[in-house]
Amino acid sequence: MSPELTVLLAVGLPLVGTLLIVALGRWPNLRDGVTVVTSLAVFSLVASLLPAVLAGRVVEAQLGLNLIPGVPVAFRVEPLGMVYALVASLLWIPNSVYAFGYMRGNHEKHQTRFFACFPVAIASAVGIAFAENIFTMFLFYEVLTFSTVPLVTHKGSSDAMRSGRVYLGVLLTTSVCLQLFAVLWIYVLYRQGVLPGIGFVRGGLFGNALAAGAVSAQMLGLLFFLYIYGIGKSALMPMHKWLPAAMVAPTPVSAFLHAVAVVKAGVFCVVKVIVYVFGVETLRLSGQSAWLVYVSGGTILAASLIALFQDNLKKRLAYSTISQLSYVIMAAALLTPVAIMAATVHIIAHALGKITLFFAAGSVYTAAHKTQVSQLDGIGRRMPWTMAAFTIGALSMIGVPPVVGFISKWTLLRGVVESAQLGGTRAEELFALCVIALSTLLNAGYFAPIIYRAFFRPPSPEDEHHPHGEAPVSMVFALCTTAGLVLLFFVWPRALLTLGAAVMEAAT
Amino acid sequence: MTMRLVLDYYNYWVCIILMMVGFYGVMAKTNLVKKAIALGLFQTGILVFYITIGKVEGGTGPVTISGAPADAVYSNPLPHALMLTAIVVGVSTLAVAMALAVKIREKYGTIDDHDIHRLEHEMPD
Amino acid sequence: MELIQLHLPALIVVLPLVTGLLTALLGRGGRGWWISLGATGAVLAATLQLLAQVVYQGPQTVTYLMGNWPMPYGIGYVVDPLNAAVMATVALIGFVVTLYAGRSMAPEISPDRARYFWAVWQFCLVGLLGITITGDAFNFYVLLEISSLSTYTLIAMGHGRDRRALTAAIHYLVLGTIGACCYLVGIAYLYMVTGSLNFADIHARLADIYATWATDAPVYKKTIIAGFAFIMVGLSLKLALFPLHVWQPNAYTYAPAAVSALLAGTATKVGAYGMIRIVYSVMGTDFAFTFLRSDILLAACALMAILVGSLQAIKQTNAKKLLAYSSVGQIGYIALGIAANNVAGLQAAVIHIFNHALTKGAMFMALGCVLYRTGGVRLEHLRGLGRKMPLTCAAFLVGGMGLIGVPLTSGFVSKWYLVQSALERQWLAPAGVVLVGSILALVYVGRCAEAMYFGQRPENSPEVREAPLSMLVPTLLLAAASLYFGIDSGTTSRVSEAAAKFLLGVAP
């Protein structure tokens, strides 16, 4: 199979899966079988492109769509996109296995609609990952937004509707008013001959235009601002409200939003835009992106502080996500090769850790019907697998050995040092260092009590009346797998660092 | 100066006054039939305007008679022809307006805009 | 065959006129519908043939002389890419809505009046098509009044269901007549200075007059400005451009279902066409925009229309009124495109004339289906219909997505061009307003969609079924067209580009 076809299939196959899922809605086992087969197929398609990408070959494909004449919907596989596509398609597999157990265990309704939405979201995630130009990225970004709304509002309660409104409202407002604005502005600049194109190219689009004075530094800064906040999925404060709101959704959806597709799409787009549209060097020269280090650093601290005071387990995890996403953004904003690599590695590390945490939270809900941190006393004895996995995930969030979170944090620190060596402003590196140190303490501050309660506090007397064991097998299996991955990549960091190095290579 | 502005362009002043009287009626009268009549007046102002711009100074009726001097000046007949059409349009408009007024009287029991507005205000959207 | 080909432009107007008269005399029973269907079908075929001729085959203009009197003495029908596109839009909507109206009008108009309804229906199309094709200023006025008078009558025919149709009609009559009179006065001024009523001839003679303005002895300056002002006010009333839109919401709300769909798709669009024609090919943009700077005023009105129309739409509880206010906003988009005075702007205007006709037509028809089955179109009537009338609701939703401008629907294409044109003129704020308008559209479409898909049927409301096929098929047809032209905008872009470049005198 030619690589071009593989790319198109990776985007198109999930959509076929959706049609099959809808068609087979009457036979749940068959329907869920389609999901598994599709997820495995998509992952193998994406993975089959990996050798070519690592070898530095360019794989391009174009969709024969004529959405806007002269603006192609095209794909090009490059290392950074490869990383995101791999993460999304890989984690979709345990996520769907987990979802079967969860949905059946909790007797949720409208399961066909529910499972039909996932493949569309994955297709758009792969589309975002492989997008060749900013228009294609915007297109799939919007498809991703719309395809996940029915998942967020799945329960149909007034609470879910309200959250759905916030979710759609924030994501669409930012993407249409800011991102589309930036996309069109860049397109107009290209039509006027100021910029060389609208595609993602090595070194960015703005280098020559800025040097020739055709684009002023202020304009570049404005476009940068529009783009960063136009990607609302990255949950940079103050555009983060949709993420905690989306917590009303069933847990597999939360895991999907936080680890597989949505927020990862956000930070991935930020990194991709910084690297391939604005260009690391160009941004450094223009000095228009310094604010992002402070805003993302602020987001890390503020979100961690808020997480400290959340009693609802999923809410606490949501704020933890907001803070972890900003690690990626802060790393990218440092604008050094190693920092870009750190951002890449952290996308993977956080995805693995966070999906484990959400799986654990969902399995606690399914088995024990508990949602609050304060109810978790002694639960580690009844659900040892779940809580062990939770502990591994939490350690990864904090960033200590022996888990993968340590690798990414270490790389990030290297990025900060490199930035200082490159002669960046001293204040930014100092600030970043302080943020990393403080937030590690805060992360420990909000995860440690959960682990302590689960394993070291006696169960409360009421719990004696509601005996329960572990969650359904498929859920436990899924969360143990992802926890295993978290450990594996610490033992085998080469896998991550090779990918990261490839990204770094392509970024500069 | 002012005097000349009025006298020299008296034909235009007639049009303007007619139109403005009509316009005032359309806006200020609440009785729908009166509104329609005022609308007719407004249109008449325009008819007169067209007629007056067709007039050529010293011109005669645009009919060639045998024996007329070769350098005879004729008034422009085209605006007259146009206004024949416009009159038809005006009459049709008035007819539709009247038909509507009759129907409104049937359904609302009044043709006063204020009363109708009050009645409608009480209805749901 | 050759004879028909030769007289095609005249046929477009004459055919429905003759069949309309025949309908009034002979159209008892169901015959009126069949005659109308045949006439609109023939007209559609003729307009498509003309469109293909002027856009794809060339030459770019087809001239037809009424009674073989040469222009400027006689009335000439001139077809160019612009009006060919608008005519095709009008004919398409006319045909599809006629197909639909056969069933939808049954409960609204008593059978003994049906033949008059169909006669007036065809006269309305005569007027609209005539306005579009004529090259003569006075003929334009007459046809404008023919369309308006039939529109008043059609709107008033909604009184069987709601008596407010009558007052809506008479208010529209008063304002519409004032608008037409303003146009007539404006033409009188132009006639005074040029002595001509032929659009092309006026344009040529005005050019000579403008030439004197650069010298010491400018002539006719005030007369021409006054004439232009009168014409623009007159057309703005027809177009329902803010702040002259007050007649429109009630007229659309209380008219019979099919009439609302027809008017929303055609009447205001033809007004927009008139404005483009007057500004671009009669007065010339050098006078209207560069000299008078009326583009600023027009753009300001357009932006206010977008904001006020959309905000009003959000407040409505009657879905038809909601759509009517949304139309006020959408007209703003078209007007903004006209004001932008560049290729992209005119393309946006022409594409949006077409796209909005499709989307709004589909939505009004979907509401007509709801009205037919539930007897009302307030938001509470829409509640829970997503399951009872899935296809109708799907059509409404697709139309709604088009209004928002979601990618892959036709609305996105028009917004893309519109924002592009604004940015090309460095109009940053207007570009932002256009995008904000999309978000406002999201809110009001979302209100309807939420009622449909997440609301519960009101207590003890009668059981409803999907709409009858004869209404459903036309509705779905327009919705599908809206999707198609969103995914493949090749045709619309090509046609609109031809129209825009023809108007601006740019080589195609």
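The chains carry the letters A, B and C, assigned in the order they are written, with residues numbered from 1 in each.
The rule is simple: contacts are C-beta pairs under 8 Å (C-beta built on N, C-alpha and C of every residue); 3 or more make two chains touch, one makes a residue touch a chain.
What you see is a predicted model; the values in this text were computed from it and never measured.
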Identity of the chain that, by mean CA position, is farthest from chain B: A
Centrality ranking, top chain (CA atoms only): C
Where chain A and chain B are represented by their mean Cα positions, the distance between them in whole Å: 69
Chain A and chain C, separation of their C-alpha mean positions in angstrom: 45
Euclidean distance of C-alpha centroids - chain B vs chain C, Å: 28
Where chain C touches two or more other chains, by residue: none
Residues of chain C that touch chain A when the two form their complex: 405-408, 412-413, 416, 419-420, 423-424, 431-432, 435-436, 438-439, 442, 446, 450, 454, 486-490, 493-494
Chain B to chain C touching residues, read off their complex: 23, 26, 32, 35-36, 39, 42-43, 46, 49-50, 53, 78-79, 82, 85-86, 89, 92-93, 96-97, 100-101, 103-104, 107-108, 116, 120, 123-125
Residues of chain C that touch chain B when the two form their complex: 138, 141-142, 145, 149, 152-153, 156, 159, 163-164, 166-167, 169-170, 173-174, 177-178, 181, 184-185, 188, 191-192, 197, 316-318, 321, 378
Of all residues in chain A, those that touch chain C in their complex: 65-69, 138-139, 142-143, 146, 153, 156, 161, 165, 168-169, 172-173, 176-177, 180-181, 184-185, 187-188, 191-192
